[in-house]
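Input: structures, listed below.
In the two complexes that follow, subunit A is the common piece, with subunit B as its partner first and subunit C second.
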Partner chain A sequence: MQTLIRSLNHQIDNTVKYILLLLIFVCPGTSWPQVNPVPSSEVKAVFLFNFANFVDWPSTSLLSPGEPFIIGVLGENPFGSYLEKSVLNEKKDGHPLVIKYFSNIEEAKNCRILFINLQSPEQLHHTLMAIKGLNILTVSDAPEFAKSGGMIRFFIVNNKVRFQVNMEAVKDANLVISSKMLRLAEVLNSEGP
Partner chain B sequence: MKQVTKETSIQTKLMRVMLLTCAVILMLTCIGYFGYEYFYFRANYISQLSNIGKIIASNSTAALVFDDHTAADEILTSLKTDPHILAAAIYDKDGRLFAKYPPNLPDIDLPRAPAFKGYRSSSSNFEGFQPVMQENKFLGTLYLRTDMRAMYQLFEFYSLIAVSVLSFSFLVAYLLSRRLQKGISQPILALAETSRIISQRGDYSVRAIKHSDDELGLLTDAFNQMLAQIEIQNLEITSLNQKLEQKVSERTFQLEEANKELEAFSYSVSHDLRAPLRIMNGYASLLEEDYQNLLDNDGKKLIQQVKRSSVKMSLLIDDLLAFAKLGRKEIVKSSVNMNALTKLVSIEIDKFTEHKAEIRINALLPAFADPALMENVMTNLLSNAIKYSSKKAAPLIEINSEQGNGEVIYSVKDNGAGFDMQYADKLFGVFQRLHGSTEFIGTGIGLATVHRIITKHGGKVWAEGREGIGATFYFSLPEN
Partner chain C sequence: MIKTVTFFNRLVRVFRHNEWHSTQYIMAGGSRVRIISFIFLLLFSLTSTLRAEQDTTSVTAALKKLSMEELMNIEVTSVSKTPQKLTEVASAIQVITNDDIEQSGATRLPEALRLAPNLEVAQVNSHDWAISARGFNAAPLNGSTLADKLLVMIDGRTIYTPLFGGVFWDVQNVLLEDVDRIEVVSGPGGTLWGDNAVNGVINVISKSADQTQGLYASASAGSFLQDHAAVRYGGQLAPNLFYRVYGQFFDQTNTLLHDTSNRDNWNMVQGGFRVDYFATEKNSLTVQGDLYWGLENTPTNLIVNGQNILGRWTHRFSDSSDLRVQAYFDHTYRNYSHIAFDDDLKTYDLDAQHQFSLFKRNHIVWGAGFRLMDDSVRNSPSLVLRDSHLDLILLSAFLQDQITLVRNWLELTLGTKLSSNHYTGFEIQPSARLAFTPNIHNTIWAAVSRAVHTPSRIDADQVFPSMNILNTNLVSEKVIAYELGYRVEPFKRMAISVAGYYNTYTDLRSIDIDAQSPSGVIFENNQRAQTWGVELSVNYWIFDWWHLRGGYNYLSKQFESTSSSVLSGSAVFEGIDPKNQAMLQSVFKLPKGIQFEAVGRYTDSLPASILTPYVPHYFSLDLRLAWTYKKFEFFVVGKDLLSSSHREFGAEQIPRSIYGGITCRL
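On to the complex of A and B.
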């Protein structure tokens, strides 16, 4: 009887410890997310990496074994080291993920995903025209990016990073975005606004 | 009517046996089926739930990685198509609640964090955790909880089917057994009907019809054989009876004839005996009167003796005659006031007897009898009592009556000489005397007369006594 009570007490102690631990680790994250916001650049870095998992590249452009899956950044790097962190040890279909920084679009043509950090519309237009027809998923922060032929544009709603997708551009590049991802996106159609 | 209940009883018994067997087998089958279904359903349902979980988990990968709570909530909301899903939740890879369903469900109703892997059933729920994976990468956990209503609904449905199948099978079993039991019950019922006819009409010529060659056929044969034997024996008994009756009536006739002859004989004998006696008495008187002077005292005494003897014999013959007459006389019954009758008799006796005795007549019940014969009975019994108590210093005679079982019992009790009880059965025979005639004079016909009268009335006579103490004579008469 006594041993039973003792073991029960022990269990309760463990449970209490567990709950306390949970409270310590869980509560700050769920209850007060806006108090300690995650920098949006970190979120974007993670998203950028995740796009690799929700986009299918055409079979005609298969990477040869061992060839890296390149995520490129054109223009100034807004992510600091977040991108490197998020792709660390990650693979896409067996290909290691690699981050590369470009200043010239001509160098960035073997990218799979390209984050374009250019603000001027002329530069944007020029860049997009340069890689038109290539199987590159283009991503940017630029406000008119999707409307001017880019594929995915990040924007902030209620302190949260969301994205806009230009389906026509995605189709033109022969890319297929998973419906799971599209469900989360604001989709811009050719017929749409 | 009674026959009908008997008929239904054997048929019902047979059908009950068959239906009960069917019902038990059906019930056992149903129980087995239900047990199987229960376990099968659980396994099936858990696998179904796990499949739903996999689909939802696969759909929610993007929502998790892109940190879109709204989208995750929407994905979970799609679960509302299954009304049995009570709750669902998605936890992120750190175990934090990410999305839930239904949206208004309080967090307290959900597990704080993923607790185990896989699906299980609790007392009223099925629940389980499903990891959300993408390319072997753990993204989070999906939690699902369903009620067991689906199972209960299924079981309700199965019960309905089971009840219908049971009822239908029962109906079929009923109809079948009703047909099949006839093979057994019909020959038995036919036998029963035959025996009923026989016992009602007493007609042993009826035979049961044999339906089959089984045990029932044997029974029918044995029954018919018994009937044949009874019929033969009945015939024998009847013929014997007839012979016997004939013999009895012959004997009765002979007996009556003999009785008549005997009575006629005794009457004529008594009557014819009186004439010579009268002559004897007359000549003795003449001798006494005419030869008074020639006879000495001894001679006179002898003549006196002759006269006394002839008178005594005359009395004896009178009594015998009266006794014989009694045998032929028809009794005419009416209500008799025994009190008045006994009083008259006692006064009458008192006149003619030299013995004096105290006679106490207690209130006597009325009798339904022939008054003249009752007077005879009382005269005999009272004079007897007086006679046998004459040697006592204070003779006392008591007359009583009491109500018996459908009869009235009268008794005459004296404190006289009494008698030995071992001779009690001889008291009422003709000429039977327990005391010598020198001791108490009498003819020995009185009690025989009483016996004859009371017997003719359908009553009984008996006596109790002790030598030297007294005697009590009883007679009973049937009530009106």
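On to the complex of A and C.
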């Protein structure tokens, strides 16, 4: 194979090379003006930003003046730089929104919103237990997330982002989700066991 | 001609080599060329990264302005999305969007297809159309045409009559409001699409029910299209369960024949529904159906009616892997009272398709299908098929592998379709496609494919009037197609696509002199042909308020008989095509909700055939003026304005016409 490639390489005709380079240079172009589907992670990042405005944290856990409102990501970052872009110059009740990335749940306890990018039920269970009782809005993509005690789970139906809310877990953390947001969510049985 | 063909062949070779070499820019090592190309590559990736950064900032900013409800309606793709279909990357695809259709003033599917620059679309009379790609728009016959080298699908349902191997365009009246897009691929789509996709594939894709919620009502009246009314309502039964129902009817009056009124007026009533159930993240289910009833003068009554129902279940294993299982039933009935001939066709179809990624570099699509066409005819004095009832079974399977040779740079797709049909048995239709994408604004592609057209009932079963000795030795018509294309965005807001092709056809249908036949002729496979041509299309968003789209086609073809018994005129019988054609659509969005649209077309002359007269070249112009006020839109459309009437395919003259109406969307 290597010899074949090399022999082909030797055959490169100067004219062909020239045409190729010309093509690339003459055609700088820009993106298609058509509306292309948006990456799901970008839409989810904007949802996370929106959640900051549609959820109320208890008055017992007020942030001190100037302290940032932290949106954290635990595990591998699936958002690229979308999260930074969506909170750029944004504030919640005067506190600047800041994105932080964590690999260990113990470091993530100062978050207000935590996106948990872990898939295995054991890891999820361990993580959720570690922050039980704290006023952290937990969000994830993991299939069993809401059922294993997480609060908000994103899922995709017909190429559109939807989310599920586990009311029980939200109440346990003393958080209040606005009714406007709840109307859009798929609410899991709030009666529960 | 031969010289040009040789030149074209050489061009194909040059480009194919070019593509091979381009891989070496990154794969091979050691030379000066490699270093230079690496620098260029770096520059390109840098500039495109910068561009991407800017783009995403503005997209994110735009998304932030939306309400959460609106956010939930944004169509998203997963990052590790399914590789783009190669039919889109490496083929001459043209897409007609819902907006394009609405802005053109088209009221029926064939009119909408005029917007695809890579199709030949000619209105034969009030209800019949001749539609083809890359030539072979064949002679008209009994209320349709023999054009048989195009595969047409509506939401996955193949619209095919085994009677002559083509499409009855009069009865394909989808509600255009609910059409999401129409994809038109010129060139053989043999690998994935099945038999008879010899010269092209038309794929009509309607919106899912959740995208058509609420009320749509439209009514119009005019001079040629006398009246047209359509109503659709879409609703939600459960959080993940959506539906829509629709109904429409129209009356269209006569064309002219020798400057006096012809008798080919017709009307049709149609209704249907669609239900989409997004059961879980991984499973979705679609059920849809239509029924119609119509009466056409041809010049006496032709009664048409039909029903169809389709179910499709899609299971997503992951972002790049899914399984789709689909079944449909289609009933088409036509009663030609003027020749006392009936055709009653029931089609049962089941197919499954599975796609997945393999070893990172391969994306496999494979599938299999079963189709039963239960066809019954009432033979008439002027048209007799040997078997008045025939069950035609079609078995097919396909396998395609899209191989990433160099990521984001060079992709090769190899595939083949295997099928078994009633008349010619086993057929194999392989293809190879290569797409070279030096950057996101330039794609060069090339393809070589083989496709077949299997005989239809009129070819293989007709015992009268053309023959009483049946030709049981008819074989499939074959094409080997060489294609080369280039898609580019030369600057912001403009997209250009050029495709060239060189096709060689063998065993084409011929009309041969046969002394033993009472009519003196018989169908044989004694023709060969070579065609070559160029298709150009341009989309240009000059300003936010002015959009131009247009195209130009050149077609050259050369027929050759392989037997001395072939009737002269046999070649024109198979292909009544314009050498040149062009179209241009212009859309102005003016202040205060006013829109002004124009569609201009030029079609070259058509030669006279055994069944049709010479048709002179013509220009035509359609204009549409619309005003949107709140939920209402008022419109007036003038069609074929440049002359009082013109001929497009046969002797019938299409009159200049006007219609106006009102649309309401709640």
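Please note the rule applied: the second predicted complex is superposed on the first by the 154 of 193 C-alpha atoms of A that agree within 3 Å, B and C clash if a C-alpha of one lies under 4 Å from a C-alpha of the other, contacts with A are read in each partner's own complex, and residues count from 1 in each chain.
Convention: contacts are C-beta pairs under 8 Å (C-beta built on N, C-alpha and C of every residue); 3 or more make two chains touch, one makes a residue touch a chain.
Remember, predicted model here, so these are calculated numbers, not experimental data.
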Check your understanding: Now for A:47: first (subunit B), second (subunit C), both, or neither, which partner does it touch?
Key -> both
Exercise for review: May I ask you to decide whether A:181 touches subunit B, subunit C, both, or neither, giving the answer as first, second, both or neither?
Suggested key: both
Review point. Per the overlay, which chain contacts more subunit A residues, subunit B or subunit C?
Key: C
Point to revise | Partner chain in contact with A:86 - subunit B first, subunit C second, else both or neither | key: second
**Study point:** Touching partner for A:39 - first (subunit B), second (subunit C), both, neither
**Key:** second
Review point. With the two structures laid over each other on chain A, which partner does A:155 touch: subunit B (first), subunit C (second), both, or neither?
Key: second
Check your understanding: Residues on subunit A in contact with subunit B in one complex and with subunit C in the other?
Key -> 19, 26, 29-30, 43, 46-47, 50, 54, 160-162, 180-181, 184
Review point. Once bound in the complex, which stretches of subunit C touch subunit A?
Key: 14, 17-18, 20-22, 24, 27-28, 31, 33, 40, 44, 47, 51, 55-57, 59-61, 63-64, 66, 68-69, 71-79, 208, 210, 239-240, 276, 278, 281, 284, 438-442, 444, 488-493, 495, 541
Check your understanding: In the complex of these two chains, what residues of subunit A are touching subunit C?
Key -> 5-6, 8-9, 11-13, 16-17, 19-21, 23-24, 26-33, 37-43, 45-47, 49-50, 54, 78, 81-82, 85-86, 143, 155-162, 180-181, 184, 186
Revision key, fill the gap. Listed in rising order, the residues of subunit B that touch subunit A in the complex are 58-63, 65-68, 71, 74-75, 94-97, 112-113, 134-135
**Study point:** subunit A to subunit B touching residues, read off their complex
**Key:** 19, 22, 25-26, 29-30, 43, 46-47, 50, 53-54, 160-163, 178, 180-181, 183-184
